[in-house]
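In this document, chain identifiers A, B, C and D correspond to the written order of the chains, with residue numbering beginning at 1 in each.
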Amino acid sequence: MKRVVTRSGDRAKGRLEAFSDGVFAIAITLLVLEIAVPQVSGDHLLEELLRERPTYLAYFIAFMTIGIAWIEHSALTEALDHVDSGFQRLNLLLLLLVGFLPFPTSVMSEYLSTVDDKQGGEQVAVAFFGVALFLISLVLLGLGRYAAREGLFGDDAAEEHTEESRIRYQLAPSLVLYAVAIVCGLFSPYLAVALYVLIGVFLLLPVQTLRRWLHRSD
Amino acid sequence: MKRVVTRSGDRAKGRLEAFSDGVFAIAITLLVLEIAVPQVSGDHLLEELLRERPTYLAYFIAFMTIGIAWIEHSALTEALDHVDSGFQRLNLLLLLLVGFLPFPTSVMSEYLSTVDDKQGGEQVAVAFFGVALFLISLVLLGLGRYAAREGLFGDDAAEEHTEESRIRYQLAPSLVLYAVAIVCGLFSPYLAVALYVLIGVFLLLPVQTLRRWLHRSD
Amino acid sequence: MKRVVTRSGDRAKGRLEAFSDGVFAIAITLLVLEIAVPQVSGDHLLEELLRERPTYLAYFIAFMTIGIAWIEHSALTEALDHVDSGFQRLNLLLLLLVGFLPFPTSVMSEYLSTVDDKQGGEQVAVAFFGVALFLISLVLLGLGRYAAREGLFGDDAAEEHTEESRIRYQLAPSLVLYAVAIVCGLFSPYLAVALYVLIGVFLLLPVQTLRRWLHRSD
Amino acid sequence: MKRVVTRSGDRAKGRLEAFSDGVFAIAITLLVLEIAVPQVSGDHLLEELLRERPTYLAYFIAFMTIGIAWIEHSALTEALDHVDSGFQRLNLLLLLLVGFLPFPTSVMSEYLSTVDDKQGGEQVAVAFFGVALFLISLVLLGLGRYAAREGLFGDDAAEEHTEESRIRYQLAPSLVLYAVAIVCGLFSPYLAVALYVLIGVFLLLPVQTLRRWLHRSD
């Protein structure tokens, strides 16, 4: 999309990026539709807006997760020299999961609410959400592996190396952490939610910028 | 979008790709809005989530169909040298059908459900969905034909040849298969649904990658 | 977006095109959300799907209108050398109207329905929809005029001339026709709907392709 | 996206622009979903459409705000030489707020309505909306500051200077004005709404074009 391109594989990559950007952008923006407008009398509006905290939290985690997945996806495809038809299909699987995320988000925010007759479902709702996050990380990791094995990075060994360490130090640990969070959720749903937030923060760490700041303050 | 472009037709092609990517991406992501959040007490959440299987299946087939249509569309427009105003209009018809797909998807998922008073409509719902899939394949095929007849491939005979064989070995057979599935659906709706999945898998076959793997294992 | 660009105005044009493509693509795809899934017993599904004809018609006209507006917008911005901040604002007004269109569409499809207690509102609903179509054409025409007056076409006199004749022979007559349709609608709503379809077909005429076919058959 | 690019930072910038354009475009178009179709008998349709004025007003202000934020964002990123991973995260925060805006918009339009049992909540609803507008301006300002401090403008001192004066003369004052409007809203909600419109108009002023017109009339 951003280079003078002469090979067909590279043009396919530009389309794949544009289509993926679209799906990520839409999924992340649709999340807000799940937040219901309060239907209470005007006097209790403030109270009601404050009571919807679990909804805001679910919105925030889901937004952060899709945002991270987009950043990872963006870093991966930029490092690639070209894409092949297998990569296109695996990418479609990632988009399927990303596009599906608003549903578990919405289930979780509904069943974390304080309304009485919904209580008792927190464990299931939180685990369901966690499984979706786990699968997104898994397919992202799979995309990177596939690209390396099929030689999609071209001759750019540096790019491939960066991707390798990103998988080793961020994506792979996150898989373990999500699994832990899901198991925790069976006992304490709110602990799991706290872990989802922490994993998100961990994945969001702008390693490159932080390192520059550390060096500067020397 | 990805080349240093000097002719006006090529610029129109970039816009057409961007707009189409947008519509495909949105239609594919809107599908999730059709999945309703369970409104049951917390104790029955897991049960209810499992009971929504027809909905997940409908989501999956529709997602796969739009994904395939995007891959085909992407392959076709990349092979083109330029687009003309007739191609733009025919493309708009394709987008009309793609944008409409969430509706038959939603009807099918509603009437495949196990709720009693909706039973009896599976045949109609499944056939309605199948007709939409059939029409999308038909217009995709029509776009390829139009491009060949109007010389939109330019001098690139290889590209035109690839497109020809794609039409012959994937799109044209899929039309016959969809027609068979729709007729089957009048007797056994679930058989038709199974056929939709199989046709999707057939269209998704990453011929190019599979061939490379086969050669490698020689 | 598609050229090696060196001037700042041209870069602003690329962003404006991308953002506009997004809004057009989303508005056109959101239209389907207005079509409600039938809530009848399975036996009456077919009947109910057929009864929703006014809804499909409204969907079709609105889809066609946004599609045409996109084609016109695409032709105009491609002809431009650069955009200025005034053009950006006027363009935002166009997007406001395009983004708003799903609402009058939905009102019209609701009040054209055959449900008894909604009858009597067809005139208002059809006129409301027509006013939206009229305003979209008006702002499109305004964008072309503004571009010509501010010299945004650069030195490309041919492009400016094409745009001039597009305004004279398609956009300007469509304004008159929409006004006629709105007035007709006060007496016969269905006549107005038929006129909307005809105006859409008129604006969709792929003049360039038709002319080529005519010449070929000589 | 619009230049022959050779450095990795610049390619990341292209993806960031495309993704942001997507989120802005979707958020701005989703706003229309908040406008409910009247459910009254046909005779009262016109009356009901006119009664929904607060909804149209909320739609208009929110549309204008997102449109302005997009114009500002577009001007900022175009001036940049490249983006870093810190900018990517801060940008994600901006998109979070932009994607969230349809919710306060919808709350405000609901509680400004004339339905009796919703009255009394206007102050809260209007302030909630104002806080969202304030935060969007704040993060936009933060993005500009961050870019200047991290040297993301490259060697282009002119671009950095333009951005500086944009912050000083438009964004910074708008923060003060939003704060004033929120406080006013606690006493008179409609005054606050009027101020939101005025701030929007102030931010929309196409300074560049106006100046050209003034000079021309000399």
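By definition in this document, a residue touches a chain if its C-beta (ideal position, glycine included) is under 8 Å from a C-beta of that chain, and two chains touch if they have at least 3 such contacts.
Since the structure is predicted, the reported quantities are computational estimates derived from the model, not experimental observations.
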Checklist line | Chain whose average C-alpha position is farthest from chain D's own | finding: B
Check: Cα superposition of chain C onto chain D: how big is the rotation, rounded to the nearest 5°?
Finding: 90
Next item on the list: Call it same or different for chain A and chain D: same when shared residue numbers make up over half of all numbers used at their interface.
Entry: different
Check: In whole angstrom, what separates the CA-based centres of chain B and chain C?
Finding: 25
Item checked: Junction residues of chain A - those touching two or more other chains -> 1, 3-4, 18, 21-22, 25-26, 30, 33
Next item on the list: Show which residues of chain D lie in contact with chain A when the two form their complex.
Entry: 1, 3-6, 8, 10-12, 14-16, 18-19, 21-23, 25-27, 30, 33, 84-86, 88-89, 92, 95-96, 99-100, 102-103, 106-107, 110-111, 117-122, 124-125, 128, 150
Item checked: Residue ranges of chain B in contact with chain A within the complex -> 1-4, 17-18, 21-22, 24-26, 28-33, 35, 37-38, 41-46, 49, 59-60, 63-64, 67, 70-71, 74-75, 78, 204, 206-209, 212
